[in-house]
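Below you'll find the structure, written out as structure tokens, and then a few comments.
Order of writing sets the labels: A, B, C and D. Residues in every chain begin at 1.
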Amino acid sequence: MLAEIKGLNEECGIFGIWGHEEAAQVTYYGLHSLQHRGQEGAGIVVAHHGALKGHKGLGLVTEVFSNGELQSLYGMAAIGHVRYSTAGGGGYENVQPLLFRSQNGSLALAHNGNLVNATELKLQLEQQGSIFQTTSDTEVLAHLIRRSHAPTLKEQIKEALTYLEGAFAFLLLTETELYIALDPYGFRPLSIGRLGNAYVVASETCAFDVVGATYEREVEPGELIIINSEGIHSERFAPKKTRSICSMEYIYFARPDSNVDGINIHTARKNLGKRLALEAPVEADIVTGVPDSSISVAIGYAEATGIPYELGLIKNRYVGRTFIQPSQSLREQGVKMKLSPVRGVVAGKRVVMVDDSIVRGTTSKRIVTMLREAGATEVHVRISSPPITHPCFYGIDTSTKEELIAATRTVEEIRNIIGADSLAFLSHEGLLEAIGRPDNSPLRGQCLACFTGAYPTNTCQERTQLVIKQ
Amino acid sequence: MLAEIKGLNEECGIFGIWGHEEAAQVTYYGLHSLQHRGQEGAGIVVAHHGALKGHKGLGLVTEVFSNGELQSLYGMAAIGHVRYSTAGGGGYENVQPLLFRSQNGSLALAHNGNLVNATELKLQLEQQGSIFQTTSDTEVLAHLIRRSHAPTLKEQIKEALTYLEGAFAFLLLTETELYIALDPYGFRPLSIGRLGNAYVVASETCAFDVVGATYEREVEPGELIIINSEGIHSERFAPKKTRSICSMEYIYFARPDSNVDGINIHTARKNLGKRLALEAPVEADIVTGVPDSSISVAIGYAEATGIPYELGLIKNRYVGRTFIQPSQSLREQGVKMKLSPVRGVVAGKRVVMVDDSIVRGTTSKRIVTMLREAGATEVHVRISSPPITHPCFYGIDTSTKEELIAATRTVEEIRNIIGADSLAFLSHEGLLEAIGRPDNSPLRGQCLACFTGAYPTNTCQERTQLVIKQ
Amino acid sequence: MLAEIKGLNEECGIFGIWGHEEAAQVTYYGLHSLQHRGQEGAGIVVAHHGALKGHKGLGLVTEVFSNGELQSLYGMAAIGHVRYSTAGGGGYENVQPLLFRSQNGSLALAHNGNLVNATELKLQLEQQGSIFQTTSDTEVLAHLIRRSHAPTLKEQIKEALTYLEGAFAFLLLTETELYIALDPYGFRPLSIGRLGNAYVVASETCAFDVVGATYEREVEPGELIIINSEGIHSERFAPKKTRSICSMEYIYFARPDSNVDGINIHTARKNLGKRLALEAPVEADIVTGVPDSSISVAIGYAEATGIPYELGLIKNRYVGRTFIQPSQSLREQGVKMKLSPVRGVVAGKRVVMVDDSIVRGTTSKRIVTMLREAGATEVHVRISSPPITHPCFYGIDTSTKEELIAATRTVEEIRNIIGADSLAFLSHEGLLEAIGRPDNSPLRGQCLACFTGAYPTNTCQERTQLVIKQ
Amino acid sequence: MLAEIKGLNEECGIFGIWGHEEAAQVTYYGLHSLQHRGQEGAGIVVAHHGALKGHKGLGLVTEVFSNGELQSLYGMAAIGHVRYSTAGGGGYENVQPLLFRSQNGSLALAHNGNLVNATELKLQLEQQGSIFQTTSDTEVLAHLIRRSHAPTLKEQIKEALTYLEGAFAFLLLTETELYIALDPYGFRPLSIGRLGNAYVVASETCAFDVVGATYEREVEPGELIIINSEGIHSERFAPKKTRSICSMEYIYFARPDSNVDGINIHTARKNLGKRLALEAPVEADIVTGVPDSSISVAIGYAEATGIPYELGLIKNRYVGRTFIQPSQSLREQGVKMKLSPVRGVVAGKRVVMVDDSIVRGTTSKRIVTMLREAGATEVHVRISSPPITHPCFYGIDTSTKEELIAATRTVEEIRNIIGADSLAFLSHEGLLEAIGRPDNSPLRGQCLACFTGAYPTNTCQERTQLVIKQ
């Protein structure tokens, strides 16, 4: 079961706009700014004169829309999606937005998150004769809507949403309306903004800055927003639960220039670094961060300790699906794929290497080794999150418990495995306080499940089955 | 004349390898690490069993070699090139390496730099019946070699090189030899390294780190290096002049993890920032750098002043030739192309904005405006180089004198134009001392022509014409 | 209703193979020989180790499989499809085989024909909650199968087939079986052959010749053939009706080297030409045929009359989707798109122009005009089929009744419109006798509906609605 | 020497236009109709506002211009080229028109033919310092022009042309003029026509018919035509020799709807068939031709003998560079690549198989075998040309003498090798009389070198060397 759920796992980015003459173009730039949330595929669907039209493909946004496809996507409303690059899965048909046509009208879906009961729902639907075109959990929502006997599309959507468990941020576009929904726990960020008279919605606020929009507010957990020619309208499809926004968005996923719930990510990360300096100081010559997500943390750590921040590691910016992986023999000869140490900076130095997290430990071990080979005399690893001890069921691809190095090992054992001179993780309290969400008591306001195992929702192992009404 | 020279202007990156079983593959990774030096085109030529074979194309390295082309480029020696994206010029045929076949053997050329007398030489050669296939100044060398009556290819190359004036770093590959040449002033960086038993050569040392090679030494100005089955051999084609390495390599062009003449670029830039802090301190709340080249400078400035470094500006990483530029109307609505301000960081703050240089002033003005619109209460601009007052004839595309804002205006006038609360440039002495080259007296060791007008070589306006011997 | 049915209309080619090591490759060559039946799109699905895998795309077979896609399609069984180029419709998702995955196993469908009750069935299925991914009538079968409560897949297929009305030749591939079905009237040709130990099935026997297979027999109307690891097995899903094979297959659709029900197409067409000579002789200097389908007819006409056959018209073989249509101004200047007259052959001659049919009359008029402009002194048009007076509902895209020139006009009126000196159509009896099917009495053995209006099945206007069992 | 000459060998098609608003578009359709003369590559160059601009590529015309490239080629004059698919040679740079830019103006070259002294001229030019960019013999002309010291371009071209030996039909476009030249023997066809006020020139007249142009006259051997804003003007660069137009153009190369020197190709081929029937009748049941070139011959043979013409062989129309060749195992299983026998037509019949020529004999043997396997009881081969006993040096890729089956064998030996029941070739006289050129005595008016060894010009083995004036 877990393996299959993992196959569905994905972190993604979504963007929508209503009421703009160049809706597809704005969505293109919005998606481009969300590219860090998914590089496997991208797509845009527009509504125009009572019809939906879309284009999608495998690759980066710039690759997918490189042959003039945008020009034919005119219309005043659009939704778009960038999809995370999962190892073996995927393929063209899973790229979103998914577009479903019928004689009752069309609907397009863009989804960020992970439904923990997708497999069960899909099984039930197939037993009732439904045919799925994708292996994406997103398609389940479309079938639930079409199966609903509720009188209006809005009521059908609300009924369908109640069957879903897990993390979801949905954009749903029809010929005449844009629907926005966030799961009752609000695992994923989703914000509303304005661009002139148009409404925009995005996974991260950096998309607003890039397209020149102004931030309005967060979508609330359990909220269903409807935008149409009569304006914007908010309803609830579920009672509000305590928000459980994913800590990993702050720690490594979101772009540093985004705000999540009003907190700037770069600032949050600098604070994580400062707190880490407080919790785990060390005597050293330089501080360096693992790019890109740990640069801000490292600067915070440096600022708090007075140890100079230096560029000890550099990222090789290979992008797109066309980068050719080095052969085994070249790798053994030292060809670097993602990170290179900066010999001129680290040679002869005691280095504090700041990173955001340790999952399997293999990357950390590689970087420590790399730094030593480049001449670092000591390598002290500082991690801006607590040990990850439990898998995530809400859309972050953190592997199974067996693969998590911290699930069964002490910090000292991990230090020994990765070969560091010292190793420290941030505490749970440190994490919450440094980020400083409005209500920062444990398990309230922020999901810590991967650090604690305290999952906000049922998980697939334990939950009771919902039966779809026929 | 100037316009035409400008058309030929280009900053580029070159990489070569001799004696490696996967020569083309290593060159691919080397070029990839030099991608920042040129995004318009890329190419690789290999020597194999007495024949040269190549592939080149418009676009990024990963785009050009995206369909398995590397697999057919086997051979023990290779040279590669990435080409700078000039506005209107270029086209496929100008992408390098240029490959010239004849019944006397083939030769491939990769060139970084700019020949100031290319137009004159080309005119003479055409009058003598030569046909040029490109508009690149690089091709001139091939014709001069073929016209030479010297008895050996090496002597032909040496004779041909004496006709050239300006900045050039050349790699020349034949079926059996690799030639490396650097102009007598050494305007451009060019380093030699080892990868196991193989020799490598690259515009920047970051390429060595990425492919796992170790740095050996710089190529010397006026040196001609020949690598063949008998090993490596060094000669001179011109007497050694005082080195005039381009200051801009340190200031903004080279990658922070490269060393130029033994000096790490990140470290040099941090030093520029510290010196700038000393020369032009200011009371402010945060320091921010214009990405990517000014991040190190900003960190140095922050470290020296104690003002916190923050991420106030973020770069939108659109890459490749397929990015769609926003329409005029979208730009006016605020769609950002390259840089976005981070509102959550700069709002309500007094900001020190650190940048590497001011050419026309339009970019600086745009950034200052952007920061103010994002809520900065004050914007203090600090530039880590002196005012650029003269055009460059050696390969940096700095425009004509008329377009250089600092050519005819005082610092106060520029400050007023760009709308900053204060503006300061680094002094000439500050630049030299912060970089700290071995011999750092003015005009010795480092080219400052764009700041001073003291050009190391003749320039096209004044030089006497060389007549090609027939 | 009619417009929508028209949108679904398509003539296509299908090919399948079971038990061959290079199943996809053989299918590629088979489809290539069926390319004349559809140029809009092509696809192949293979079964391998309990999984279906496919590739499809818009364009010709050679275009769709131009990048090594065949190499990854290994397996011992395959089905393929070429799709007819309909004017505005289509798109990638309609290209077949359609592939449906579910937790109960996958199935792939390739279809040649047209279901007259597709729209009604689709409406019912959507009202029951089904989501369609294509606008193709083929998908209806998949939903009917999935909706069936029958215990085995074979029974589900048989139940589903009973809902269908119209013309259909289906190939259905699962991980372990190949199903072949032909509608009870047998409108479309479908033959079975052997290639070594493998079974092959194709729309036309020319595919057998190209792949080196030997013809075995026709699939019978109402027959369901199952091929699996236990061999080949035949059942019936419907009682055998009088065969109503489409006359147009003989007249213009099939390839001249194919046999349909044992009758060679080239020979049949020569016989049509001879009969036409008998029914409508004329005094003239040369006979010429409109390529490609009327060449054989023209040769037969020439042979029977003794008038020399000459090449008076030539086809411009533009192929593929990339041919650029001439602008209006170029067309007015005389740029030919499809046919050119051969001036050197027709100038000064009395020409018999033989064609297979007249639909709207515009093409005939254009050709007559063309021949006159090239110098023909007389143009006598001879048509190797009776006047088309009724639309086809079984897959030939013959337009609505209003557009059929012969629906409301006499032969003399048509002659006048197309500008011919004389015009003659073949008689109904002539058609049947010249083709010489085993049982050639009117309306038995051969569909003449477009010439007579006597449709073998109910048509959409009149039929009673089948209700899908839930 | 021969091998190298062979590498340069190519039959090609050229098209040019002067004075038309859609010059590139017309050229596209013209080239499309000449596609049978070369499938490896295609290109078009236009002159517009004092500049030449072009696009070329590997593949068919429709493939090369499939992405809107035509739209950017505006201008009132254009030349185009289709290139023959040589086995291993070629590559992008050899695709024509070749475009040469210089400070004295640009020139574009399109060439059909083969220069017998290209290798020598190239050697001399390289020794004088010229650099060649292609391995095409066409480039020699450009260098000779640029080397000339004559005062005007026209004089330079005339001087350059005098150095050339062999077969050549050249189109040369500059910013302001179109030059047309045919070698003194007129080996290749080249015709002039009018399209409204515009002038057109093409390898075959079928291009005129397709674009709506009217034929004016042949270009004369040794003629140089200049078209510019002052009109059309004719000069001679060499005295008129007896025309030696290639017999193979009539026999198999030209399109049946073209006229060469006023003789329609289809008609000529029918006459070849009739003459063949006279010279070599046989008792048989059917006549069939090897498509495409021998269809007309077979019809003529059938008409003269009264044996019915039938479609016994069919060509599989795979086109473009993307067709995938069958694997060896599939070929052995009988997958046909180019030709299939029509079993329904030939089984049980005595077949006359008409073909245009026998080069190596392997193809003939394969077809005879194929017909027998399809059930033919007798196969009588009739060839519409005399035995080919000598290689061609003028552009037809007929291999070396060693490979020509008829160079060293009697007709009976050949019959035995190919396995025919009988075999006959057309006589020399029969060839000349059936084609019926104005003056049809041997060696006058028509090149028969490949049948007789009587080469009109010096050949590379024997000729004296021309020294290029410096």
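Assume a residue touches a chain if its C-beta (ideal position, glycine included) is under 8 Å from a C-beta of that chain, and two chains touch if they have at least 3 such contacts.
To keep track of the chains, here are their UniProt names: A, B, C, D = Amidophosphoribosyltransferase.
Just so we're clear, the structure is a prediction, and the values are computed from it rather than from any experiment.
Hop distance check: subunit B to subunit C, minimum number of steps through touching chains?
Contact-graph shortest path, subunit B to subunit C, evaluates to 2.
Among all other chains, pick the one whose mean CA position is farthest from the mean CA position of subunit C.
The most distant chain relative to subunit C turns out to be B.
Which whole number of Å gives the spacing of the CA centres of subunit B and subunit D?
50
What whole-number Å value describes the gap between the mean CA coordinates of subunit C and subunit D?
Here subunit C and subunit D have centroids separated by 37 Å.
How many angstrom between the C-alpha centroids of subunit D and subunit A?
Result: the chain centres lie 61 Å from each other.
Give the residues of subunit D touching no fewer than two other chains, as numbers and ranges.
Correct list: empty.
Return all touching chain pairs.
Pairs satisfying the touch definition: A-B, A-C, B-D, C-D.
Residues of subunit D touching subunit C in their complex?
21-22, 25-26, 28-29, 32-33, 35, 62-63, 65-66, 70, 195-196, 206, 209-213, 255-257, 259, 263-264, 266-267, 270, 296, 299, 303, 308-311, 314, 316-320, 322-324, 326-327, 329-330, 333-336, 340-345
Note which residues of subunit C are touching subunit A in the complex, please.
Against subunit A, subunit C makes touches at 100-104, 122-123, 126, 128-133, 135, 142-143, 146-147.
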